[in-house]
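Chain naming follows the written order as A, B and C, and within any one chain the residues start at number 1.
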Amino acid sequence: MSVTVDVAVVGAGPAGLAAAVAAAEAGARVAVVDAGNQPGGQFWRHAPETVQRQAADVQADGHGHHGWNTYLDLRARFDAAQHAGRITYLPGLQVWMAERSEDGFVLRTTPAVASAGAAPVTVTADRLVLCPGGYDRQLPVPGWDLPGVLAAGGIQAFIKANGVLPGKRFVIAGTGPFLLPVAAGIAEAGGKVLAVLESSAPSAWLPHLAAASGVPGKALEGAEYAAAFARHRIPYRTRSIVTEVLGSDRASGVRTARVDPAGRVRPGTERVYGDVDVVGFGWGFTPQMELPVSLGVETRLDADGSLVGVVDDRQQSSVPGLYLAGEVTGVGGATLAVLEGLAAGAAAARPDPGVPVKPPAAIARHRRFAQAMHQAHPVPAAWQDWLTPDTTVCRCEEVTAGDITEAREDLGARDVRSLKSFTRAGMGWCQGRVCGFAAACLGAGPGEAPGAGSLAGSAKRPLAAPVGIGELAALDG
Amino acid sequence: MNFGNGPRGSDVLVMGAGVIGAATAYFAAQQGLSVTVLDKGLPASGTSSACEGNILVSDKELGPELELTRYSLGVWHNDLAEHKKLWEFESKGGIIVASRESSLASLNRVMAVQKGFGVDVEELDQAALREAEPHISPEALGGASYREDCQVQPMLVAAHLVRLATEAGARFIADTPVTGFMRDGGRVTGVRTPRGDFPAGAVVNCTGTWAGELAAMAGVEVPVLPRRGFVMVTEPLPPMVHHKVYAAEYIDNVGSSDAGLQASPVVEGTPSGTILIGSTRERVGFDRTVSTAALGLLARNATALFPFLERVKAIRHYHGFRPYCPDHLPVIGHDDRAPGLWHAAGHEGAGIGLSAGTGKLLAQALAGLTPDLDLTPFAPARFGEARPQTASREEATA
Amino acid sequence: MNPQPVTITFDGRPLTAAAGQSVGAALASQGVTAWRSTRKGGRPRGLFCGIGVCFDCLVTVDGETNQRACLVEVCEGMEVEGS
């Protein structure tokens, strides 16, 4: 099947929903492709709508969601535009390739789940808005490959979508304000959070910062989490990390330690938490950059060290007709993603750049806040010291830190690309999505942060999703 | 040979650290020559990291190419035997499959001739073929088994040969593009780079698809052109394909200069469980746009050989540019038109397999010895005195 | 919101799950944390990223190999096998 529209949107999270609604309401014919089965993306993930539900359930879905009313509003407008035939919604499909055509773009898709029966659709559009979001950024640590270790966001997603918990006793570790809603969500759902370990020490000044940047809402959110932590007696330990996940066939505990500002372990501060069945790690987020990179957009390093796309005041990338919104322009949370999506959708619907636009002041404010947040929650410079030579770095191909050090020191591998060639790190199923950032750091060497070139090499995934060879064989070219 | 031995000088300066430059440096160092290797990037940053690692005897035309191939195979097995593990050397054997009566007939003709030249080839009837490759298409009529065919991991070959060369005294300098040549009259006496000049008694051009540009800088024509190839990688699976399996039409494609898109399936399992599906051949300059036509063709050809692939997923594809000369022979040896300049380039779709032999033969010549194999058929002077020409490229890294 | 239960089988034994749950959630909430072993080291693996990115959670669903357990929704009679 194929669909031809004015504007194609990839992603139906906060950014994609907003972009689709804005473009449709500005008069464009829009197609939205999303891997999920229902709108919401990561942030507004909720229980499956296929299961018989009552109105109260929809409100209940909002439990623990910030900005749920924004979602309900966007969703109503999205559904209305769909009914009016302005939006073609294509859920359950992953874009495996985005190509530039003579005067626009072509998206090739494949079912996200084989048995779900969505047939591949080819979307042709004059303009394209990419809102593919991101995923939890990970730093390897001994034992992180044991079952029971999950991405912090993965735990959140699990609870939101399934209404159950993946375990009983949790330790959450990493850095960033996002650890707070994860822990609060677990506690609200009845789980025991033994500790939240934050490698930085930002809590004292964040509320002030939020107010100063002109996004008081963030201070309010912070206060709510503080209350939830108090209510559930969740210990929040700053300048603390998990140095090892304990267990033989599954996670059963963690060893922790206090660290100095560079992330070096302070001797004598080690401590063990036994009887843990889920460990959640999150070190910020990695924007999903393969589609923007494959289309050749100009990129830069953001304050959190992530590779992101460069956009102008219209959210347009360096590729004419290609707009970016949400995490791929810089990790900044759902509110910013919505603002960017609205701007991108409106611009993509009316691409005439006759009048200069002034982006909403709110976008600038939220970006400033995000930058400050990133600076307050850096990846600790000394994190590579936490590894032992036999710590798994690439989970798919089981490549260890020792393998990578050897390739760097003996064979001169310095970037993700050559590490991949020499060790297979990043060559497996996930194509370096999970280990890419860590491998880039290890290639750069102890204490070093990776450059944009190395991260771009890691984000280069000519297939943005696995695709059936039978489906490829049916391509006419 | 003892030119240019200053602090920056050496007997031999190798430009390019792909498999060819790496092997040349390794064997030159073994000859006791002082060697400097320069690359504009890291080892294996050109075609040698965007290819497959087949060392094939089966697809070679009779004549100089087959001789060089068999010589090279000997070097892999003997001179480099102790290092086999470093680059995952595997003697897995190749199988050519014929699915039409006509291709079976031509395959049988080829086999008869090859046998006459001492190639180790054995005919496979349908039952034997099925036993060797249980998942082969029911349409396959028969085949030929080449036990000498083997494989290596090419990036590891280049990186380890450079490392071994440096352990034998050579010097490797990364991120240093050659931008011009030092001259003494007509003679090439070293190279110029942003990091300064490097004098050398002999300068060897091992820059693959860039070789024409470098030769042009020295005022000579070496027509090395790019031939694009796509390769597809599947999800990791339990062992399903046991040899390198390719279709009989492959042999016709290899020697052809047709500019259009061609592909013959070469399907092989790798130690990591993935299956590589290679590869297309087309002449489109240095165009890097992904071609759905190429992917579709690869997929159709591969499923025709192994129908089970229909339900398997591809997780990646990549492409590289084979460096080829119009007469499909590599250019190896001293360039009499620019004394002091040597070439080892243009190995097309066989550079990995041919690297070991090329490096050893060239090192013998550089050391003033008579090479084990006559290099005359590969001489640069065969391109005459014509004006240098180069192809333009958009971007330089593979 | 406690929808009607469905029954699936995991490696042949029956397992109750809530309609709409993912296969991964159905397994993990019943205490099954690993259902795959790695190729090289034979190490156990289950859910990790939870959102379809890491491919650690692969299972066979009704004969279809290498499906992401975190994305596939359970349905009545579904046969799930580890790998």
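Everything below uses one rule, namely that contacts are C-beta pairs under 8 Å (C-beta built on N, C-alpha and C of every residue); 3 or more make two chains touch, one makes a residue touch a chain.
For each chain, UniProt lists the protein as follows: A = NADP-dependent aldehyde dehydrogenase; B = Sarcosine oxidase subunit beta; C = 2Fe-2S iron-sulfur cluster binding domain-containing protein.
Here the structure is a predicted model, which is why all the values come from computation and not from measurement.
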Exercise for the section: Work out per-chain C-alpha centres and flag the one nearest the whole-protein C-alpha centre. Expected result: A
Handout entry: Chain pair showing more contacts of the two, A-C and B-C
Key = A-C
Completion exercise
Here the gap between chain A and chain B, centre to centre from mean Cα coordinates and rounded to Å, is 40
Problem - Cα-centroid distance, chain A relative to chain C, in whole angstrom - result: 23
Fill in the blank from the handout: chain B and chain C have mean C-alpha positions lying a whole-number Å distance apart equal to 45
Handout entry: Residues of chain A touching at least two other chains
Key = 397, 428-429
Fill in the blank from the handout: Expected list for chain B, residues touching two or more other chains, is 235-236, 272, 313
Exercise for the section: Enumerate the residues of chain C that touch no fewer than two other chains. Expected result: 39
Exercise for the section: Spell out the residues on chain A that touch chain C in their complex, using ranges where they run on. Expected result: 35, 37, 42, 47-48, 50-53, 57, 60, 112-116, 135-136, 145-151, 153-155, 157-158, 161-167, 249-250, 277, 395-398, 428-430, 433-434
Exercise for the section: Quick one: which bits of chain B touch chain A in the complex? Just the residue numbers, please. Expected result: 42-45, 49, 155-156, 159-160, 162-163, 172, 174, 232, 234-236, 272, 274, 277, 289-300, 302-303, 309-318
Practice task
Report the residues of chain C in contact with chain A in the complex, numbered from low to high.
Solution key: 1-3, 18-22, 24-25, 28-29, 33-34, 38-41, 43-56, 58, 61-62, 64, 67-68, 70-73
Problem - chain C contact footprint on chain B (complex, rising order) - result: 235-236, 272-273, 313
Handout entry: Residues of chain A defined as touching chain B within the complex
Key = 97, 99, 108, 294, 397, 410-415, 417-418, 421-422, 424, 427-429, 431, 461-463, 466-470, 472-477
